[in-house]
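Lettered A, B, C and D in written order, each chain numbered from 1.
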């Protein structure tokens, strides 16, 4: 299923590296040795979660249907125009951000308001090329925020493990520390 | 817009009184003089909120599209079968429940698991008549839980006002106490 | 109860106008005639909600107890140092932001990361004067984000009412349009 | 840290097996071979998450402070009496439930309203022995709901892996399938 989601993203013009770059923007001031590659790895890990996959499949399907005028009015116009009072896209995105806890909320909001990198590009495509990315931009911001939270937890886990003289383990205790140099 | 949402509900076989009855089930043990009519009134009030309207328009549109096989696979099958691991419907519903604060969460979960009244009927229609109510049943449970929270707040406001010898005002201080005898 | 919360804020060095200024920062590019006074009015309105009052009373009490070394370890150190992985403060703040729907999340995150106005001042007090505002800064960001969402909804309501030639009413249909010029 | 949380729970009279029994109540109709031991194992796994640990440390500290009359009025009375309009306890609990996605919300609400097992016992202690478990009962319901969601995801992962003829892996792809027979 993860591969299917990655393919859906690719069709909408988004690579995991684009999301990795958002994560890098958020985190590079806190992690000295962080690379975009580490960040992209963390994004890939989060896409293994079924909840995240379902949110992306749903949001992208809604964006595509809105481009094809597939919804009844007034919903068609509300989604197509990315009406600022329409909050369903944020609600879906927060379902992703939540997965590594509430520390991701701050980064979600920051990305959604500043729109760096791929988020700015999607926004521009909406205005200039008539695409609809009402859900996709929020979902990507949520994914990047969750990945940043995962890296922050992993970094703290590593620090705690080293204090204890134990080998590094990831926060859920089930495997090697991913995505951190 | 509220009238449009009420009409959409009617087309899916649901009246506000159906939802009022859910609220009554939740609250009648706490409010001595509560009637189904009071409860239905509270439901009507909540449907004035734009956030609630948008959630219903989106969820009902997804249900209808799933009945018409309008989504790509595997999303089509996931929504159509109301896959228990698909949580996007709950996420949307919680956006409604939130509006009167977190005290609504408990009632949402109770309704969603027990499926009294209209919720049981919708569930039966899914199994016996091939309808898709994946989003609608959760949204109605969220709406009923929000209405119950509104009634609980209004009841406390009334009690506080009487203590202070002031006229009854609603929680937001802007109007008469709605939906409470 | 609202007056009690306002007094608690005052003791922690925060006025409603401080919060109104955050709201103005968020919204002045969208509302041509907005004033800090309108924004402060919207903040005052939101403090009428019991859920918001309870969140502030709880968060401020925790901050004060942490200043007085009132918690057992390791919680005392986690709260006192505003540990970046401690997310309970964000969770409480989101309970406030939610009240006008999910559109407030973006602004919450933006404020929490950029820390303009009173948020920057509280942050500085933590570092230089040994105060603890672990919860207060997040709660104020959540309150300002909720007030911004309220203003955005009220503005849309006013526009819709004028389209319909009806008198202006607030979103919940219970009173006059507050806080918008 | 997990051991510290388990010790805190023990001092409040709660064992992980008590929580495992709540999970078993929720899930035994869906998993043929489920045992209370499997469920308790899943609860133990979730307590490895820092977010969950922080929520428990905070909530238990508040309950204990309320027993010791450690809060200013009116907060002291609100927490001590488990005021039904006080929603901060539910907000904290939902931070836990979220960790395995929104499918946990339904079970949280069901447990919180029905109060089976340890939840009923804590409730009785509040009424008969003057204890304060305002936060603890919600946090335990949230923990049990998250564990049930984890088991449901793990079961689906196992089914998918068997379909593919691959060895069983857990949902996050990093380790062996925990807590499922």
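Basically, a residue touches a chain if its C-beta (ideal position, glycine included) is under 8 Å from a C-beta of that chain, and two chains touch if they have at least 3 such contacts.
Keep in mind that this is a model prediction, so the values were computed, not measured.
Comparing contact pairs by residue number, the interface of A-C is reproduced by B-D among C-D, B-C or B-D, since over half of the pairs coincide. Set side by side, the interfaces B-D and A-D show unequal numbers of C-beta pairs in contact, with more at B-D. We define each chain's centre as the mean of its Cα atoms; on that basis chain A and chain D are separated by 27 Å. A straight line joining the Cα centres of chain B and chain D is 26 Å long. In chain A, the residues that touch at least two other chains are 50-51, 85, 87-88, 91, 94-95, 101-103, 153, 156. Looking at the complex, you find that chain C touches chain B at residues 45, 48-51, 95, 98-103, 153, 156, 170-176, 178. Partner chain B is touched in their complex by these residues of chain A: 1, 4, 50-51, 54-55, 57-58, 61-62, 65, 70-72, 74-75, 78-79, 85-88, 91-92, 94-95. Across the interface of their complex, chain B is touched by residues 84-88, 90-91, 94, 101-103, 105-114, 152-153, 156 of chain D.
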